[in-house]
């Protein structure tokens, strides 16, 4: 086998390359080292977070009396919030992912993304100063509105599809949201009128909140704050399921709704469940809205008409004044650790469930 | 070298074909797997110096994979494992001590799709020069011009040197990346279907360019165009299903291939490219 | 295709309650959003709108009384009015039941004076301002003199704009939100300087070097979970680690008599926010790196570039919009976050700005004011409730505009980036 002849005399450029090579290699090594150090440092910091909380947390004999009402408050607030956020977020996600024309979807997705970015303190302000005094007078109206909402929507749909001229129906297909805005406003006005009319009855007295700042206010505003989270996660899950699945079902004569209900939702269920879990986790950790609108009284009853005090709000209130090393400080950290663990668990669970969705979609 | 290797080599290539020639590239019993899927199977290939060698074969037979072994770009692909021996200009490319930047500088590569950087035309060509630490504008400009001239692009871009390279046509982009590769003065050029995106006229000009490059570079050229291989290559290698089946002088392989498979492929392609 | 459309129509014609329900919920969400925004804007405007001045006569406790006063709010049952504040700001509010009201006039010659310290005085005609005890106001005290009931639309708008500008720029009484705005901006800048290099390095390591090794898996999991930790926990972590442990330790080391680093401050807040936004930066940067076509990387490497050179000269320039997106997202997140700051350094009133002309110019250990914190404090402060409430809404609107603007910029930048990546990938 022929052997290549000895190296030809190196060109000037090749010599330049050879001269630079050690310096370049050194730089490469330094970058690698720096990156590894940064990564290690951050991994350490991430692990340090729970450890620090753990190290300073303290369990005193009466810890339960301090921490449990707060935990109950957090869970209550998150529960009310999820009761508001799930119908709104899920409904919007279903419409966006399955019924909306591309133009509406292109509008709604970034709009809700922006909504998600609205600072919590702004929502808390509105909840505390405007929503709370209004709800103090109008619980009954709210109840009427919620009770009539579903029947009204279904009735509108029925009437529209039965009696509206086909030309209108075709022109408006896909723009149902715009069609519904006026009826919704009308319903709101009607509900307020009914609520005012009933304001002097015994029912109204039963539903009269004791304080303007209560679980109901928190639920409504926190629910609105969490709704975009639920929306975008659920929307992604529903949108990821191939459209052929629904079309196939429609070919067999199912309406789009039936197709969605029977076929898509089961397939996308893990994603939707993950959306719920993450929404709940976000509501648990949200501080400013609860702090400003809940009254911060550690009451444990389940009624949404009384105040509550959550772990997060309690941290914001007490941590700045707490003396390091004192028993109160230890209990604060204990409650924070509890919150941290619950949120972590919810996140891990959501991640697991989402992994299931990914595998299911990949299998289709 | 084991006798088995000799056997494979002998079955692929007539003895004495490359006798007395220096080798630019050499692969022995080269195997390559993409996450457990074998793409190259005991390939033996010898590419002579300062000659043009064409590599032909059906799509997916592993031509690009083989090319990437010679500048070790396969290292960049997750799950890709290489075994066997690769010699580049007499040195073991997969030896632990091999400095990858220097190896890759000496083995230039032109990709299947032109991939100019989103920078100006001049900056694209000067990319490798700046790596060498060249600072002087004058020297860089001279070398950029020389490289663009060698790639036959200078006249078209001489007053567009500061334009974005992405605004050039596909054919111009292809010659730009050739100029970029030439600028660092490589000794070997790996070309992966460089003419696949060119119109007939540009293709002809490209072939003239390859013939001209033969003076100074060892070229390994992948092509699906049989006429092109016949026109520009001194030697031709035929691959199929991850194996190198035949290697011979170009005129021999096109007129009188030893294997049935080679003949079928070449005649099939000939008819196809003509029709 | 035609068949699909047919099914589509057939399905539409059928009774489809779910569709309408879902659409209604979208509508409801949109209405809620619109309501929040409009209420906020309307309340914020009230902070700057001129209040009409009325001459009132009513039956009070000690017989009939009369007063020249600004009417702050009114409903079906009562008026809330504010008389001339000769003594103290916020001390002259009065609630008058409509049943007691005898007479209300809106004299055209009414004037309202605004004083340097924010008090307001109401007069009629050209009479000089004279307090009940006979003392006179110095002209230098008066910063604004408006004929409240005679303002045209353009004049009123101009007045509101001027007041809004004073509020933002710090010319208003008490500095308006200017110190809070400065605090927010300085904090966010400092946070960006801390988080960007670290986040980009981390993303580079994760995406370019770590591959799918164990270290990368652990770090990715940590990032994903850190993103889900409540913000207030970050605040507590900052309080424990930065303020109490590191800051306290520093103080002990420097033997300073008063706590300097061992209290909340700008640096600790910025570090806390940097931790909080780190997952955002890493995730957005990694996404950007993933969009850089492999062909460009291979092109650079094939020319003999080292990995560092490839990253620095080819990948990072292409991914620059992604870095910008990451920065904007981090800034938007940080600017709207209040809860952690309450624990590590934002205060209701800080005597000095964190940035001034005194060496060392940037005071890292100083406490500072923050827009979000101001919203919270103004909303819950006692005292001059009508004015504070309106100002809280104005500060909230400012915060909202800043944060939503940043987010919108991030969304636009992201879409541009996607387009560009598509172009490169052709």
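Order of writing sets the labels: A, B and C. Residues in every chain begin at 1.
Rule of thumb we're sticking to: contacts are C-beta pairs under 8 Å (C-beta built on N, C-alpha and C of every residue); 3 or more make two chains touch, one makes a residue touch a chain.
Fair warning: this is a prediction, and the values are worked out from it, not measured in the lab.
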Relative to chain B, chain with the most remote C-alpha centre: C
Contact-richer chain pair (by C-beta pairs counted) among A-C and B-C: A-C
Distance between chain centroids, defined by C-alpha means - chain A, chain B (Å): 54
Separation of mean Cα positions, chain C and chain A [Å, integer]: 21
Approximate Å spacing (C-alpha centroids) for the pair chain B, chain C: 59
Touching two or more other chains - residues of chain B: 101-102, 105, 131, 184
Residues of chain A touching at least two other chains: 17, 24-25
Where chain C touches two or more other chains at once, by residue number: 304, 306, 309
Chain C-touching residues of chain A, taken from the complex the two chains share: 17, 24-25, 27-28, 31-32, 34-36, 38-39, 42-43, 45-49, 52-53, 56, 87-88, 90-92, 94-96, 99, 108, 110-115, 117-126, 128-130, 149-150, 152-154, 156-158, 160-162, 166, 169-170, 173, 176-177, 179-181, 184-185, 188, 224, 227, 231, 247, 250-251, 254-257, 260-261, 278, 281, 284-288, 291-292, 312, 315-316, 319-320, 324, 332-333, 336, 339-340, 343-344, 346-348, 351
Complex interface listing, chain C residues touching chain A: 4, 7-33, 36, 39-40, 43, 198, 201-202, 204-206, 209-210, 215, 218-219, 222-226, 228-233, 235-237, 239-241, 244, 248, 264, 275, 278, 304, 306-309, 311, 332-333, 335-339, 342-343, 372, 375-376, 379-380, 389, 392-393, 396, 399-400, 403-404, 407-408, 411
Residue ranges of chain A in contact with chain B within the complex: 1-5, 11, 13-14, 16-21, 24-25
Contacting residues of chain B [partner chain A, same complex]: 1, 18-24, 49, 89-90, 99, 101-102, 105, 129, 131-134, 143, 184-185
Residue numbers on chain C that touch chain B, as the complex places them: 211-212, 293-306, 309, 313-314, 317-318, 423-424
